[in-house]
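First the structure, in the form of structure tokens, and then the observations on it.
Chains here go by letter, A, B, C and D, matching the order in which they are written, and residues are numbered from 1 within each.
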Amino acid sequence: MNLDYTDLRALYINCTLTKSPDPSHTQTLIDRSIAIMEAQGVAVDRIRAVDHDIAPGVWPDMRERGWPSDEWPALCDRVMAADILVLGTPIWLGEKSSVCTRVIERLYGNSSVLNEAGQYAYYGRVGGCLITGNEDGIKHCAMNILYSLQHLGYSVPPQADAGWIGEAGPGPSYGDDDGHGGRIGVDNDFTNRNTTFMTWNLLHTARMLKDRGGFPAHGNQRSEWDAGCRFDYPNPEHR
Amino acid sequence: MNLDYTDLRALYINCTLTKSPDPSHTQTLIDRSIAIMEAQGVAVDRIRAVDHDIAPGVWPDMRERGWPSDEWPALCDRVMAADILVLGTPIWLGEKSSVCTRVIERLYGNSSVLNEAGQYAYYGRVGGCLITGNEDGIKHCAMNILYSLQHLGYSVPPQADAGWIGEAGPGPSYGDDDGHGGRIGVDNDFTNRNTTFMTWNLLHTARMLKDRGGFPAHGNQRSEWDAGCRFDYPNPEHR
Amino acid sequence: MNLDYTDLRALYINCTLTKSPDPSHTQTLIDRSIAIMEAQGVAVDRIRAVDHDIAPGVWPDMRERGWPSDEWPALCDRVMAADILVLGTPIWLGEKSSVCTRVIERLYGNSSVLNEAGQYAYYGRVGGCLITGNEDGIKHCAMNILYSLQHLGYSVPPQADAGWIGEAGPGPSYGDDDGHGGRIGVDNDFTNRNTTFMTWNLLHTARMLKDRGGFPAHGNQRSEWDAGCRFDYPNPEHR
Amino acid sequence: MNLDYTDLRALYINCTLTKSPDPSHTQTLIDRSIAIMEAQGVAVDRIRAVDHDIAPGVWPDMRERGWPSDEWPALCDRVMAADILVLGTPIWLGEKSSVCTRVIERLYGNSSVLNEAGQYAYYGRVGGCLITGNEDGIKHCAMNILYSLQHLGYSVPPQADAGWIGEAGPGPSYGDDDGHGGRIGVDNDFTNRNTTFMTWNLLHTARMLKDRGGFPAHGNQRSEWDAGCRFDYPNPEHR
């Protein structure tokens, strides 16, 4: 077993609505996952999406569709350079942020790109998510984000989400001062454990795929399907 | 690369509301995925959940909680014997079936079981889903099912869902006679391609995990976490 | 303004997975809403769905579809007798219970019934929901339940859901002994306020609809639509 | 019964990702609902959100939070001037658009405002939604949008959503030329009927609330709750 992760690259996109340099609760949780990655020598890249001018749309470069500017193409290069992608989002009204939805739309806008094997270009990568809110919605947000990632071609390891929310109702957010010298949520064993397991499961799955030279290419190549290959899929006329 | 899949076992659970021997549209789609698996020599098991007396609850055996009967423990043995689990469900009012929800609840009821490595017992397995309806809801159902599976410990390969729905509004279901000598949906290229890709991606991921001797065990063992191991998770007091 | 509610009838369906006589946390919250209704003289009916033999399916009486027994037709009479319907559900793995999904399927199975005005039979009624869990999922469950109810013909008042969950991770449930002589969640101001507002908004909307003789009948009668009436809907040929 | 709707105001916010003057499929469906409104003399306002500079955040005016510009405060005035609010959105990857999520976040940012009765300021208004996509996701998007609206204080009439999608897989969008002299989807009886019923049910509910002078104020005033009124909510200490 290859236990060296130093050739892996991870990208964390924080989809907070709060722009720099204001503090982000979601970043506080992201940083804890990053600490594990960096302890293993993984090269970690970070994007705070709201700091960038990401145009609306589902095309690779919206400047070609009439938008005066669009930083997505440059951000997309960083997505494609990473073996591991983690989307972090706050919860507002039970839902992931509009910035997170925007990022997913733009990832989707590149989904027709194929790799050399004829697979969707995101194949061979792994994805996870980190969610924070003052109350309710981790699973609702996570199921949509993880679904989107696997739909694009990411592999999703076991327990690939983690998060923190407080008891029902308004209240402090993750990492806030608790008024007693501590910080809200940081001692939550469930959040800490899930964050740790998620991080390691991303590492393990990325390691396996990298050692394997990408996701195995048979039965899943768009180019070959379009050329008529059916990979044992039964012909309905013969049934 | 090991291209032999004959040592793998797959289980398809059809969560239709229709009991045997009445036909199930969902089974029609399931059968097409199974055909690929069997062409590769995979041992395929099938359960139509509604034919079984599965008690409500989130405990491994509800007979110990006052229910007079419960077939789940026997079904659970078949779940644990399978490397690959595919849940199939119809869509009613945009939602997966109550039978599917019941199956997920019972899978969840076994989620505290650990394997010899101290991981959750579902680790090392892979999951996918197949969805049919006459209109609307594949992704909504799939995101919940896939989320539940990864939460339990299943790995989710790229594009691990497939399905068929018709245009908005009531209409025929998958596999129905189209009145012109054909069958509804079976020529849908998108459904056929997704079903094929899902099936192969389940095979590939199961192959990798089986060759690896299960999902790598480090940083994700509940037993070790509970014993105090933290796997590089940063101590908040030191931050 | 008519402030007398004594002619109104409300039905609360508890969709807990726990059968009688075992205690239900969801019932604890339901009872608090019922207390307000009864203080206003509303006739309140209660169903604990898991205690009844409700067959799977989407037809009014599954005994006509091969099931040996089905208590839904009798339960449905109680649904139709009520001006107000509140579904209560626990959360398991972030989702409403299988019992709740079953109840919605069966409500849906009666959705083709029309009233004398030619509207769907559920028109003129109002709906809400109450959700409890030890962590995460109130809004996810509520959005599905309220969507289903409005789709069937129920009116949904403002803030028609309420619930309680604890901080992220396993923990005590609503109404559990807190070990200090109190009970978990019952002092949560947010839960109490939302439960109160929901209850009153159900009362107000039911009052308005009852005083009005049902939901106004124009532009929404299935029978007239099927007879060719278009109620000012523009003819696409003329556009 | 007051059958005059000429004193009502409706606002349709189109949350397409496509900016003016490019055509929007979602607008095509919105226009059909508007035609009914205008035939009844309702004053209809229209916003295409993507044409406006709406800053990220959950505060009423993000210019006070460091953003150089923010058109939301002006748009919000138009929201508050309307008795009826309809959100229209396309579907991308099964989800409502990022523009729609942004609009909901900003609506939420005004949710602490109270009216003279002490209710949330959105009380007394009614909401609905219109969804278009080439495949899958009407109900998933609608359940989130309608949930958000009722959470804010909007009343949701029966069948307050409508939409169009095509069969599973990529394909033409609503209103596209069908190559045979017609337009895709515009003859879909289900879409037409739902759009009509939604529109009329919004009119009826808005009429009732306007005639009633707003949503009845008792048991739902935040100001009174905060002052200690409990409106028959049972005191847990006495139970």
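Keep in mind that, in the parts below, a contact is a pair of C-beta atoms (placed from the backbone, for glycine too) under 8 Å apart; a residue touches a chain by one contact, two chains touch by 3 or more.
Remember, predicted model here, so these are calculated numbers, not experimental data.
Undergrad: Do subunit A and subunit D face each other with the same patch, meaning over half of the contact numbers show up on both, or with different patches?
TA: same
Undergrad: Of the other chains, whose C-alpha centre is the longest way from the centre of subunit C?
TA: Taking each chain's C-alpha mean as its centre, the farthest from subunit C is A.
Undergrad: Between B-D and A-B, flag the pair that has more C-beta pairs in contact.
TA: Greater number of contacting C-beta pairs: A-B.
Undergrad: How far is the middle of subunit A from the middle of subunit D, if each middle is the mean of its Cα atoms, in Å?
TA: 30
Undergrad: How many angstrom lie between the centres of subunit B and subunit D, each centre taken as the mean Cα position?
TA: That gives a centre separation of 36 Å.
Undergrad: State, to the nearest whole Å, the distance from the C-alpha centre of subunit A to the C-alpha centre of subunit B.
TA: Those two chain centres are 22 Å apart.
Undergrad: Pull out every residue in subunit B that's touching 2 or more other chains.
TA: 93-94, 139, 143-144, 147, 151
Undergrad: Quick check on the complex: what are the subunit D residues that touch subunit B?
TA: It is residues 93-94, 135-140, 143, 163-170, 185, 188-191 of subunit D that touch subunit B.
Undergrad: In their shared complex, at which residues does subunit C touch subunit D?
TA: It is residues 1, 3, 32, 35-36, 39-40, 120, 122-123, 139, 142-144, 146-147, 150-161, 183, 186-187, 192-193, 195-197, 199-201, 203-205, 207-208, 212, 215-216, 218-220, 222, 225, 230-234, 236 of subunit C that touch subunit D.
Undergrad: Can you check the complex and tell me which residues of subunit B touch subunit C?
TA: So the residues of subunit B touching subunit C come out as 17-19, 22, 50, 56-58, 66-67, 92-99, 101-102, 104-105, 108, 144, 147-148, 151.
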